[in-house]
């Protein structure tokens, strides 16, 4: 009876049935999104990546390819995302000695009826997971995150920029 | 010339060519991994999820399905992962008022020649990205992370548990 | 010689070579399709779904997610379908005590050069197959069908509605 | 609160969280399944298929390929299915003047810890949907169904055969 | 250090980071491409294909289906390709006694911001690989190639036709 | 009638129905395959790849990643291939001034009931297509081929090596 009960609890739109928002009524406009992500690791591992001494190969390039491929297939990973024919995906990984770890920045853009934030966030996550995979034999304790949206442009809501971005995320703990 | 140069810099295995580790010589054993992930959000949004008032539907169930599906296809997203016929994937999301946000825990297991950490981490990431997608109209500032391995068992290296796990991750900043 | 023979038997278009129709000359217009599908089951199982006592989880929500995901990837399942960037997929499952079983209705829409019937029918099939999968330990004799198109709008042929729809399909036998 | 409420309604296993059954404890044995499916159509269309006069090409062969491909990827369409390395898929379509329509029979087999019913049912559905797609310009009123399991062998429960199979399904209505 | 070094070696665009070209600034126009491919085989095998005596089935039709399906998913195979909603794919295999072997010609078209050459080349390759797979029990020494672009139209660069095409490729050696 | 006619022409197994060979009766053994492929290009382009001056990025690494990913998904591109859990894929690209062009060598291995030749050939093709894609703005006349099997080991037929391999393929014409 759970399903019926939920229906009576709340209004129609929140009955719990998964819903892909209908973007048909929206106008196609140029959309753009930027996301960033981080993976924290030991300074020892960071040095190995920089010196290309990771057994599985050139970490940054492989992770960038993984990020691009994943961004293009976002609608397969994320159930309620619309399939979007991306015009552009840019995935850029950089090493950060202070974090310490690797930072990824992903920019996506296209002309469409809905935004491309998810594509940017998915690309960032896939790139970081690939870094983890390639380096896990050296450091199992790596932590992925934060992964977050930095910017979003296009569509009804115009340009949004993440407030209060303080450079690199603080160390936990 | 970069490629040639790298070759002379380092030993053969780290020339930068992406390499899928040959697991043929390993024995198939029962493998198990547990990963966790977090997404930080406003208390307002957390309440909306709890009360099932998110327009896109029942957030936790949809995210759990997304996590299971993604874990099964890990070798498609992560270039150097082996395709693995998983025996089991368990994706469990819980709401956490103190974080505040949603925590996901993923457990994977199978009998294979290589470990299932990546499947657990990919499942956790996909579940959290799905939470982001379903809730982004209410809160764009959500942050995914940390996503990290908690436990790994099976294979040559036996059982590993993440040291110093202090319950929920500290607030950044 | 079969191939050559077929060529001489019939006119060029029906030589048997699979052919994806060229939709280039058509104008993009708003297209819409509605399909329905049924799965017949024991009253006992229907009750278990209603009371959420199926071991694999919340049947209706998981099946709805499966339907949405499959509809988006129709061109991968169905060889001669065009890849279409759907604007909208709606998958709605309901329990029917009289059939007895579960009914799914799928609505799809987009602006494109070709129709979205297949997306609706694929979404319906995937949702029903998911119901079967989640419930098969309780009832192996479930039957999927009929799955059929109810409505189609947009494009040259305008609006079509299935004639003589009598509510729920008759019991076989 | 729906989620919490459901938990108190029923025992732990049926809290509604989607669950991929853990097949790790099961022994790998040879598994086999047979499913059938039907698509009802006008005698006119059936004749066109038989005479290979369908514009999109050789309907039966294309549908058989679609069935095989879909069966292999069952775990992508059906969320809680295990990925299974199939040893064999056989998809056979035949024309039936009395139904009238096309019948598909799919047999799947492998050595695994879980059964292959879903692979057989998915293969049957994809083959029938492909028939629909290739013929829909001639007859929109085709109906897919019944799609059902005929036989299942291997594993703890031994051999099961569908009781009371009366040849071709009765005409509805 | 390889990565940093490369940066100083060359200008920004060729630092080695994989880059999906931004096609956003381009205008959508009708694009078209034609590719061809060949597979060389023994006259004995060619005869078996012609007489439909290959154990795995009707080689040409299955290969044509494979070519169409692969062309539609080009952006999954080829990392830096844009996902493109194809309007049309035509895959045509013919037997050639003089080569001897099978020739495939693939034509692709759509309205987009970027060309469809890769789709045509991918379709040709997948069709030829499928021929190899279906026939390999009879002749392991088959050779695929040349696979090459014949024509490309649309976009800034207008119509291009491969110069000096001499009918069938010369015998190697 | 083509279909029926074919049936009477030949014995049951060659009626033209696509058939995935049943590998169930075979014993799992260690299998291995090596394939090679070539892409011919202008010396000018070859130099640009060597000096990493290709706009789309580091050609060899991206192509190697593409080859690995495609090999793992061979059963999706090639309709009658069995899904195989690869233990190992090695994709190695080298520049060849004399051809002139790029050579790829792919080695695949696993323990299974059927061989891994197709995985090696698919990996080689995808890597070469990726080279084409990344370089096509500099040279549209590149030609892919030959792509061919060099070696195959394991299973009933033991070790096979391609006879008469003369180093690099001769120039056409």
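For clarity, chains are labelled A, B, C, D, E and F in written order, and residue numbers in each chain start from 1.
Everything below uses one rule, namely that contacts are C-beta pairs under 8 Å (C-beta built on N, C-alpha and C of every residue); 3 or more make two chains touch, one makes a residue touch a chain.
Please read all numbers here as calculations on a predicted model, not as lab measurements.
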Given the touch definition stated above, what is the smallest step count connecting chain E to chain F? 1
Where in D-E, E-F or C-E does the A-F interface recur, with over half of the contact pairs identical by residue number? D-E
Through what angle, to the nearest 5 degrees, does chain D rotate to match chain F on its C-alpha atoms? 120
Where chain A and chain D are represented by their mean Cα positions, the distance between them in whole Å: 36
Please tell me the distance, in whole Å, between the geometric centres of chain A and chain C computed from their C-alpha atoms. 32
So chain D residues touching two or more other chains come to 1-2, 6, 9, 16-21, 51-52, 57-58, 61-62, 64-66, 69, 79-80, 85
Flag every residue of chain D that touches chain F in the complex, lowest number first. 30, 50-52, 58, 60-61, 64-65, 68-69, 72-73, 85-92, 109-111
Touching residues (chain side chain E, partner chain A) in the complex: 1-4, 16-24, 75-76, 79-80, 82-85, 112-113
Using the touch definition up top, name the residues of chain D that touch chain E in the complex. 57-58, 61-62, 64-66, 69
Enumerate the contact residues on chain A facing chain B in the complex. 6, 9-10, 13-21, 37-38, 40, 51-58, 61-62, 65-66, 69-70, 77-81, 117-118, 121-122, 125-126, 129-130, 132-134, 136, 140-149, 152, 160, 162-163, 166, 169-170, 172-173
